Amino acid sequence: MENKAPSRFTTIFRSGRHSLPVILGIFILYPFFAGDYYIDIAFFFGIYALLGLSLNLVLGEVGLFDLGHAGFYAIGAYTTAILNTQFGIPVLLLLPVSALAAALFAFIVCSPIIHLRGDYLCIVTIGMGEIIRLALINNPFDLTGGPNGVFGIDFPGFGTLFVIDSSIKFYFFIWLVVGLTAAGLLRLQKSRIGRAWNYIREDETAAGAAGINVRSHKLLSFVLGAAIAGAAGNIYAVKLMGVSPESFTFWESCLMFCIVLIGGMGSVPGVLIGAAFVSLFPEIFRPFAMYRMLVFGTVMILMMMFRPGGAWPRKRGESAFSPLPGKARQSDA
Amino acid sequence: MPEPSPQKDAPVILETRAITKIFGGLTAVSNFDLSVHAGEISSLIGPNGAGKTTVFNAVTGIYRPEEGRILFNGADITGNAPHRIVARGIARTFQNIRLFAAMTCLENVMAGRHCRTSAGLWASLFQTAGQKKEEARAVEIAEERIRQVGLWKARNDLAKNIAYGSRRMLEIARALATDPTLLVLDEPSSGLNPRETEDLMDFLKDLIHREKVTILLIEHDMNMVMGISDWVTVMDGGQKIAEGTPTEIYSNPRVIEAYLGAADDEEN
Amino acid sequence: MEVFIEQIINGLTIGSFYALIALGYSMVYGILKLINFAHGDFFTLGSYLGYTVLVFGSAFLTSHFGLWGGIMAAAAVAAISVALVGIMVERLAYRPIYPTGRLPAVVSALGASIFLQNAIMVVWGPRYQAYPAALIPNIHLHWGGIHVTLLQLVILILSLVLMGVLYYVIQKTLFGAAIRATALDKDTAALMGINFNKVIFFIFTLGPALGAITGVMVGMYYRQISFTMGWNYGLKAFTATILGGIGNLPGAMFGGLILGLLEMFGGAYISAAWKDVFVFLILILVLIFRPTGLFGEKTAEKV
Amino acid sequence: MKILKLFACVSVLVCMGMPFTAVAAEPVVIGLQGPITGPWAYEGEMAKRSCEIAAQLINQKGGILGGRMVELRVVDDAGEPKTGALAAQKLVGQKDVVAAISTYGSSICEPASNIYEKFKKVNIGYGVTAVRLTQRGFKYFFRTCGRDDSQGAFFAKAVPAKFNAKRIAIMHDNTAFGKGLAEDTKRALQAMIDTGKVSIVYYDAITPGEKDFHVTLTKLRETKPDVWYFTGYYAEAALLVSQARGIGITCPFVGGNAAINDEFVKIAGLENARGCFMTNEPLPADLPYPEAREFLNAYKAKFGEIPSSPWPIYAADALNIIAHAVDKTGSTNADVLAGYLRDTVDGVAGITGPIGFTAQGDREGVPFYLYVVDDKGKIVVSK
């Protein structure tokens, strides 16, 4: 994929180290000045950022064509809803549990199909996503509440000591999780696992011949991606205090796909920008009702035309090893 | 003429016993035996379509032979996954170069270090001391390999942006980064000009002496085969038709008739 | 026993719609390897245009061409105009993105699909529209307990004819060979003097036109159309194409028919609610054991 | 440049979020949350129009609280839970909104009503029939439409007797509304099933958005039902009936209250629609009440047709009852209004008949009628 030298813009911004604190400042102050409605928009922006980061592991890093990622998102949300409403398990404990449930499901379902390539894998993931959604609607064993979904989920918190129930608390909760996930992914990108994923994306056969266990690394990316999507499902379910099948359609998977592509494959800041576009755009243009989706579709086409590498493409180069100790990295070329 | 080959006394490190590979009716390779002795440069030659690359792919785990056994240092590696074979010490390059185009040369060579490092998800996420040390060591080894093939200046350029000859050497550097005991090269000199081929021959001969590595290569360039090979095996139509030292092969009638015969009217 | 036969016919009817749409789909997909999400919306657009022509032009059409003539005319108008839209979408949304690779093209296709779907809603309104009942022959045939409508037979026959014609064009004519060559290797085909733009023009007119005709047929058969129906049919067409094997036009045809039969089987003998789950499970099983679809050739990885 | 644009729009959001504390709001603002876009855009559109007409009629009569005008503020929730919650948050954030009419679709109303409850704002559902919505002990949630179980009970009482049907087939469409009604009907029939008077010979769902139901209908035909009850929406109902008649199913068809309207007759065609029945609250055209007459004439005058389903009328009644409560209590405080609606409102004349609420906020005394499509395609009360 064409990777032109990063444009003048990204280099200026990258070098300006002072920019990071500015962003943090705005993020921290924003909820205290905006009304609840705008805090909630930022909350759902956070949810889509988390979902974008989770799909980025599978699609951005390893180049696996996954159009059914909303299935893992649904599993996380329903695991939380069912276990909380029926067994009263505290929701904060269910965050890791729903991530595990989605990861386990991904492992079981993806193992037999991980060898598929390109479009064949794509249709299987679509099928998987639809199977999950339809199973939720058909209410097996009377667990998922069918089309009505499951409602009445408690708020996360430590007993009555500290309960996350207001928009501001949810805002900081989601963005704390997004921050941790992003930090984790940036570290993974610079580790041998992250590089192994990129080798597989570039040329699967060559990666195998270079000594990389292609199958296990693909599976790892699906399992990790599913876990993060499961966690996002947990936080989403808790915020809406309930879940229903309408929120986990094939269109949600397409939105996640767009976030990674429009933002930039394998680029954490890019995914955040992609998530901003996908979540803020419809809300800002809500008043235009019918016409906003026309503009949304057009912008998607234009983005791919002018920035096929994404809004903020991943910068390759020696920076990939900069944090390592030892000799100065300046190339003497 | 090459020095007397350490041929017969050195142990056999790679042996294929009657391997057969069939692609939907076409028998690409039929009960083919090959033995490679430690520390030698062994060449596999033959006209196009003789099945050379298929043998390579069977040895390196890309294909699974329908029949026959492949032994490496005595252990049966038939049908193992490619990455397990690399871990055992067989590294390879490809006939048409397969690099990681959108990644830097250093990252390409780092791929070879993957099977020699062990940091797991936990270590990578929390950058434990062990992981940092291992990464630093891996970068150092990769940088040595890149200097060894003379690509130090291009280490931060993207693999797709460097010259064709450099790409060949980069692929070899990646293979060497796995610290192999057997280096399997698929037509390394194809596309190189005569001077680059000379450099490659010197590089390989020097490699044999400096490191305990054995080289098995497929080659069409006769003066390279004759120049550096200790042992030559000739294939035609998926079968072995001759083997021996370069001088024996050069005068072997069957080889000439099957292979070099066609070469006579070619201007060398 | 008759029930089983009747169900088979029901399955084949659904299957023939999927097959026709899958045909149009896999022509674009076979050559450009582009998952053309917008194809479902070409189908919807064709259906709405057919509706408009039939509703406003019905008096004029039936007087000049008679009942069936009117329907044919509506289908023709729909096909031509959707073909033009197809070319426009290709020129504006897809052509600039070919060189950048497969994944960005998927986002662009999604964008085009969203745009078309909402454009139809803006023009024709969010309400369901209904093909005028008067214009549609409603004749029921009874053969020994089997209930089949004339329309069902006409559609089955028409689909088989269309499939046959397309099969002949693609497999037997020189231009068909050019299309198949471009599908296998765009650049080499161009070197052989095949004008890539001509091939693109052909597939981006015939594909959408075929979708439009199917849209009119669906409108006639079910009489109810909505602006979101393309999304569902598009997904089924993509599934049928993969089931049949990528780039294999006859494969797409059979994939569509098999998909229809699978849905019938799931709906009749398991439960209507779990029908689609059954279909997707079968698809995943097929791909596990035949990683390149039912009729896709098993290409060994060329190393 | 990209990042700067992002901050520009974030800062714009910030200042728009500032609550306007400027001049005291003269008009009494009532919020309407509905599916203006999305799959139910048509229902949302009709609800918006109905509320505009209701507000217009009140304002023509001099408004409330001695002359203050009623103003409608519409928010789109696109028929999806996430956007439903966002829309509720938006209305709750605007302090001048006295109460909200929210919304169409039970699984969208659920998250929205949670937010209205937390921020203490009266919210009245107009197209939400799921029983569970009023079993959560909410103080500020009401609904002007009926519940699934009351319609199910009416079916059990009226339909088997009318067609002296022994074998009943029930089909739903796996939507929150359709499945809820089907399950409540099955529960209502349980007594008759136990005594052997009636048996359910078919109980399954179709997939909404599908077009071809021949396979399912052939299976239904083999169960030879005496009466067939479909609890889904009119789009699928029309397809089902025309395809069913096509394959020889002759038993009477009874639809739930969202299954039959003039769209249904248009799509199914007169020869199929004729003789189809429906269990439904009183349709706009049949509302005998003077308020209904006045409302429908005003609606027809402005939009040239009357609403084709009962839900928009309930939205209009929700607006009327809020305005009535504000006028009578003279306050816009949520607790006062909620108390008034729950305890004092009883038999207040509304478009859909006398309005009263039970302790949990359900609409009291919603009559159900058995409708039938007559030969001329008119939907009339069947004797």
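We just call them A, B, C and D in the order they show up, numbering each chain from 1.
By our rule, contacts are C-beta pairs under 8 Å (C-beta built on N, C-alpha and C of every residue); 3 or more make two chains touch, one makes a residue touch a chain.
Remember, predicted model here, so these are calculated numbers, not experimental data.
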- Item | Centrality ranking, top chain (CA atoms only) | A
- Computed over C-alpha atoms, the centroid farthest from that of subunit C is that of chain B
- Query: Approximately how many whole Å separate the CA-defined centres of subunit A and subunit D?
  - Reply: 36
- Measuring from the mean C-alpha position of subunit B to the mean C-alpha position of subunit D, what distance in angstrom results? 73
- Query: In whole angstrom, how far does the Cα centroid of subunit B sit from the Cα centroid of subunit C?
  - Reply: 49
- Note on the structure: CA centroids of subunit A and subunit C: separation to the nearest Å works out as 33
- Item | Per-residue multi-chain contacts in subunit B, two or more chains | 62, 94
- Identify all positions of subunit A at which a residue touches two or more other chains, and write them in rising order. 1, 137-138, 205, 290, 293
- Message: Quick check: what residues of subunit C touch more than one other chain, meaning two or more?
- Response: 121, 126, 273, 276, 301, 303
- What does subunit D use to touch subunit A in their complex? 1-3, 6-7, 9-10, 13-14, 16-19, 36-37, 41, 76, 79-82, 85-86, 89-90, 92-93, 106-108, 110-111, 114, 118, 130, 132, 136, 174-176, 178-180, 205
- Item | Contact footprint of subunit A on subunit C as seen in their complex | 33, 35, 92-93, 96-97, 99-108, 110-119, 121-122, 126, 235, 238-239, 242, 246, 273-274, 276-277, 280-281, 283-284, 287-288, 291-293, 301, 303
- Item | Touching residues (chain side subunit A, partner subunit D) in the complex | 9, 13, 19, 26, 30, 33-38, 40-41, 44, 137-138, 146-149, 151-152, 165, 167, 236, 239-244, 246-247, 273, 276, 280, 283-284, 286, 289-290, 293, 311-312
- Note on the structure: Within the complex, subunit A is touched by subunit B residues 60-62, 81-83, 86-87, 91-92, 94, 98-104, 106-107, 110-117, 119-121, 123-125, 127, 131-132, 135-136, 138-140, 153-156, 158, 174-175, 178
- Touching residues on subunit C, where the partner in the complex is subunit D: 3, 6-7, 10-11, 13-14, 121, 126-128, 130, 133, 138, 140, 147, 149, 218, 222-224, 226, 228-229, 232, 263-264, 267-268, 271-273, 275-276
